[in-house]
Amino acid sequence: MAVVTDFIERKTSGFNDMHDLTADVAAAVQKSGLRDGTATVFAPGSTAGITTIEFEPGLKRDLPEFFEKLAPQNKTYHHDQTWHDGNGFSHVRAALLGPSLVVPFSDSQLLLGTWQQITLIDFDNRPRQRRIVVQIIGE
Amino acid sequence: MAVVTDFIERKTSGFNDMHDLTADVAAAVQKSGLRDGTATVFAPGSTAGITTIEFEPGLKRDLPEFFEKLAPQNKTYHHDQTWHDGNGFSHVRAALLGPSLVVPFSDSQLLLGTWQQITLIDFDNRPRQRRIVVQIIGE
Amino acid sequence: MAVVTDFIERKTSGFNDMHDLTADVAAAVQKSGLRDGTATVFAPGSTAGITTIEFEPGLKRDLPEFFEKLAPQNKTYHHDQTWHDGNGFSHVRAALLGPSLVVPFSDSQLLLGTWQQITLIDFDNRPRQRRIVVQIIGE
């Protein structure tokens, strides 16, 4: 058993910007040399989230539209009255989706469905440089 | 420390079909022979999710009604315009709920609340044969 | 590699009561003596959830208001018709947010963002004594 901590760097544009991390997470599992275990994908910061989705152009519009309706940008948030950074909506969306995803692997292969991609969503209201954690525990 | 990868098979009917997986996950923990660690429950595929809920008839109606209101079926999704499979709503719901749940166990017992059941929700718009991953890491 | 199971006790008041658990989880990691691994934070029970958020006064109002709008208290739930405990809304919110969060740590430090706090939200409709699980797996 061993723990390997790795990182994925991504420039993001915010406003529900979606990034497919699947190949990077799979590469981190390969690089770890571990055969069976879990890959924990974690977004440090409070305005981004991690989930899985079929990463295709239609859903890349549907999911942002869904979040825009769920926690609209053009609404007054108490957070903005405190900090005046205008990203209250980003924090609410990120807290709901959550920053962590745990994907099991076996024989060094992620046990994802064929049309299921590990996805970072950046909810912030400005470009960011994200450093996503991929921590692999296994044997 | 060891890693044990197991699977739970379920025939599902879609449209928010809920399945209580608690007994199966508990059995997988017992079978692993491990005493302390985590059970990662993971749904491969992009139209199902895993969470916990009190698995009783009232909530088995409330949660589906909630998801129907949140991401309605009878709305136009860009996903459907691409693929014409009519399950855009399923993808959005599944991405929001998330495919992974991690439950700690101690003395080979899942540390769940008394009224808290591990639950698969199939959001797809057709029957599926699901193969849920239960991966146990512990000692 | 080792597994350490710890607990955080909190008196909660319900109705989206939010508690910052970051210092307690960090202390549990320190106490474990482990350097690299994951901390699984898990809420036993079906009316509370765990996520991360910037724990500041504005968002401590925004997130509750968001959940109140998402799954309102003053709506009829089938759960309440069964049990007459009036907390159907609590169960729906908790199932959506989810009871588990996995945070990686390295050099005995949680890999959180600067403004990202591990947060318990109690959705129940009455005060509770919560015992949150923190299970640390690492080396």
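Every chain is named by a letter (A, B and C) in the order it is written, and numbering of its residues begins at 1.
Convention: a residue touches a chain if its C-beta (ideal position, glycine included) is under 8 Å from a C-beta of that chain, and two chains touch if they have at least 3 such contacts.
For clarity, every value in this text was computed on a predicted model and none was experimentally measured.
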Relative orientation of copies chain A and chain C, as a Cα rotation angle in degrees, nearest 5: 120
Copies chain B and chain A - interface residue numbers shared by over half, same or different: different
Chain centre separation (chain A, chain B; CA means) in Å: 19
Touching two or more other chains - residue numbers and ranges from chain B: 1, 70, 96, 98, 102, 137
Footprint of chain A on chain C - complex, ascending: 1, 36-38, 51-54, 56-59, 61-63, 66, 70, 96-98, 101-104, 106, 111-113, 115-117, 119, 137-139
Residue numbers on chain A that touch chain C, as the complex places them: 1-3, 5, 40, 42, 44-46, 70-71, 77-83, 88, 91-92, 94-96, 98-100, 102, 133, 135, 137
